[in-house]
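Input: one structure, supplied below.
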Amino acid sequence: MQGKKSSSHYNRQDAVFKYLLISASLLVVGLFAALFLMLIRGSLPSILGNGLGFLTGTTWDPINGIYGALPAILTTIVTSLLAVGIAIPVALGIAIFFTEYAPVKAKFPLTVFIDLLAAIPSVIFGIWGLWIIAPLIKTYVQQPLVTSIGFIPIFGGPAYGISLSLASLILAIMVIPIIASLAIELLSRTPITLKEGMISLGATKWESVMRVGLPFARMGVIAAVMLGLGRALGETMAITMVIGNSYMWPFANPSIFAPATSITSKIASEFYEATSAIYAGSLIELALTLLIITLATNVAFRYIINKTNKEAKR
Amino acid sequence: MDNCTYEKLDISGLDAWFGDKQALKGVSLRIKPKTVTAVIGPSGCGKSTFIRCINRMHELTPGNRVSGVVLLDGVDIYKSVDSMDVRRKVGMVFQKPNPFPNMSVSDNVVAGLKLIGAASKKELEAVAEENLKAVGLWKEVENDLKKSGASLSGGQQQRLCIARALAMRPEIILMDEPTSALDPASTAKIEDLVKTLKAETTVIIITHNVQQAARISDMTAFFYLGELIEYGETRTIFESPKSPLTERYITGRFG
Amino acid sequence: MRMVSRKNKDRVARWLSLAITVLAIIPLLWIICSVVVNGISAINLEFITGVPAPYGESGGGIANAIFGTLIINAMASIFGIPVGILTGMYLSEYATKGKFSSAIRTSVESFSGVPSIIFGIFAFTIIVTNVRHYTALAAAFALGIMMIPIVAKATEESMRVVSDDMREAAIALGVPKWVRTVKIVLGVARGGVITGSLLAFARISGETAPLLFTALFSFYWPTGIDQPMATLQVLIYNFALSGYQERVLQAWGASLLLVMLVVAINIVVKIVTRQKYKEGI
């Protein structure tokens, strides 16, 4: 029954299959290379036309052909750092509650919650931030602060609602589940023997987290921050809808209540209108800048994760 | 047995390496058809490597090498036969039962044929029934043929794996300590099964249990540090071993 | 005395971490409530079956956008899922320690960190500028690329945890490597691959930025996959920012549908994987 087909027949099938897998994999590598090349090619008019002034200029005036990207780059970096700064304590709190204090029965609902929050589309965060949160923030947070401590420039008025700070807040909510789930994974990896050692010495759970868990996961937590940062830097829709798309911040108005423009919101709102080669090129160069920044955080993230994985194996 | 003159398996000068480490040194032996050969020896003596050279599985790990001559029915399996064909002629049963969990009980039995599309559905059903009967599993699973192969008990899984090897109508079945993960009752069933298998095929079985070797085998091969120390009829080996090493091992005075 | 203060610290940590967790749950519930409360009043028969009314007119629906999202997702899946599975199979079963394999691994991992809007620009520069009009195909291309790393990773990881016993069993039966890879290893790992593909589908269902300069938007039923096409995501964005009360309400209605789609897929995945944990596989 068997062996009717010659083995060379199967060897040929094996070879064809292997080439199929290799070509799919090559396609992935090729797409990644093409992504880079197309962005570089697309930004050429801007790189040649705007020169280095593109990265340091503070004015964006397509009518007069002036393209300075600094406010957008700063906004992207500052909103992301603020967001991650808000998100870290919350995410660590969730992770510590989950690994140390949560009853077993609560763990599954908690993972559902974390995964659902991560799954909500960003355009939904956008519409929610714009129509529900912005008016509330404006009335109950920004206006009181502006009237009380508005003399400090970064808290200066007027209160718009949509602003740099609102964008950071929405972004923070979006990156909390990302940081929390990685932190949970890393804290759960703390060797049981170490933990039990601490507990048997009479340490409380809190002390065991602080002395063993967190130090053990320290690098991992930094990696989680990188991951969150990567996500925040590239986020588009929610930001575009709540940041106000004004080039005021930080040079014309340094207040965190001022509307601003991030790299992504600039691209999202102007790409259609970019009819001239240099205008489109400038937006694509913005995208290229963003790609380089996010890839750098991604590389840092993977470097740290690989290092902690190796340490965990030891 | 005695009147059979030709050899099922004729191995001469077999060497095997893991990278730079030599695991088998110049092993030569001949195995007659329709016999049970027990391979014994302390762990790390090369018994697993030895049987994995017979179905060409040793060479799968990068860096591993084999040299020497292995003749199956007079044909050199390293020179004249494709490795896949060798493995279809030489079946293998592993230490840990390893039925495919994504397949039903009956599909597990015929996996080797079905996966390469070598038989029709009707033929496969017949093959499944025949081989489940051969391993004494048919009555136990008759009504659960569509259940996952992983749903059976450990002993049943191992008999399923033997049925899976048998379904290929192999010339030789290699067994790598097939009862070491099983309870005594399941072990007894497998031992009885091995004795009946030699009516159809040739069995080479590794065991770390010398009593088991004495119970079920016709011939016994004792390995030590990669070398074949002694090979002969089981009764002879157990009653009057030539080598003091063999004697120490089978009387249990070995480190 | 000291013991008491340490116990207290532990108690504070317990309650504080609980409070933070509860605090973090609030936004999720708030978003879901807002979407349900605002969205439900927008949903009626015309909303589900009609196309958007021209500017200045009232009424209209979002059926073309629902259809567009599903069509574009389907096209993206046809491209992204097979490439992802093949790449994952390569990484799990065929990859060596060489440069080629590490280039693939790096590409897959880097792709998952690329901001979604960049895929939109990539598809724009490679397709839209060449055919000289916006097209749903470019959107499917961008979203398909986004699925690849998710599916590839899920495939690789779930195939890797398949025990080598399975591979050896297949090898010992004389089965060709491709059959072993597809029918045994992938077969045993199929749960993880399906889960990964579903999650990738859910993920692209919510992506908006890659659609902005590719599928664009349309007030009409699509006339072909090479034409601009309305999607729920872009409709929410456009209508939420339109300033017209009725349009904003329709954006909420579309949001409700989109959230239901994404949440439903995630819950199905959760339930399926939870059962697997229970069975201990």
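Which chain is which? They are A, B and C, in the order written, and residues in each are numbered from 1.
Just so we're on the same page, contacts are C-beta pairs under 8 Å (C-beta built on N, C-alpha and C of every residue); 3 or more make two chains touch, one makes a residue touch a chain.
These numbers were taken from a predicted model, which means no experiment stands behind them.
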Which chains sit in contact with both members of the pair chain A and chain B?
C
Going by CA means, which chain is nearest the middle of everything shown?
C
Farthest from chain B by Cα centre, which chain is it? Let me know.
A
Does B-C or A-C have more contacting C-beta pairs?
A-C
Distance between the centres, which are taken as Cα means, of chain B and chain A, whole angstrom:
56
Hey, how far is the Cα centre of chain B from the one of chain C, in Å?
48
How big is the gap, in whole Å, between where the Cα atoms of chain A centre and where those of chain C centre?
16
In chain A, the residues touching two or more other chains are 2, 10-11
At least two partner chains per residue is the criterion; list those residues in chain B.
84-85, 88, 112, 116, 168
Within chain C, the set of residues that touch 2 or more other chains is 174, 176
Sites on chain A touched by chain C in the complex
2, 10-11, 13-14, 16-18, 20-22, 24-29, 31-32, 34-35, 38-39, 41-42, 89-90, 93-94, 96-98, 100-102, 108, 110-113, 115-117, 119-128, 130-132, 173, 176, 180, 204-207, 209, 230, 233-237, 240-241, 264, 267-268, 271-272, 284, 287, 290-291, 294-295, 297-298, 301-302
Quick check on the complex: what are the chain C residues that touch chain B?
163, 165-166, 168-176, 179-180, 183-184, 187-188, 190, 281
Residue positions on chain B within touch of chain C in the complex are 55, 57, 60, 84-89, 91-92, 94, 96, 98-103, 111-112, 115-116, 161, 164-165, 168
Along chain C, where are the residues that touch chain A in the complex?
6-7, 9-10, 13-14, 16-21, 23-25, 27-28, 30-31, 34-35, 38, 82-83, 86-87, 89-91, 94, 103-104, 107-111, 113-119, 121-122, 124-126, 145, 148, 152, 174, 176-178, 181-182, 202-203, 205-209, 212-213, 233, 236-237, 240-241, 248, 251-252, 255, 258-259, 262-263, 266-267, 270, 274
So, in the complex, the side of chain A touching chain B is made of residues 1-5, 7-8, 10-11
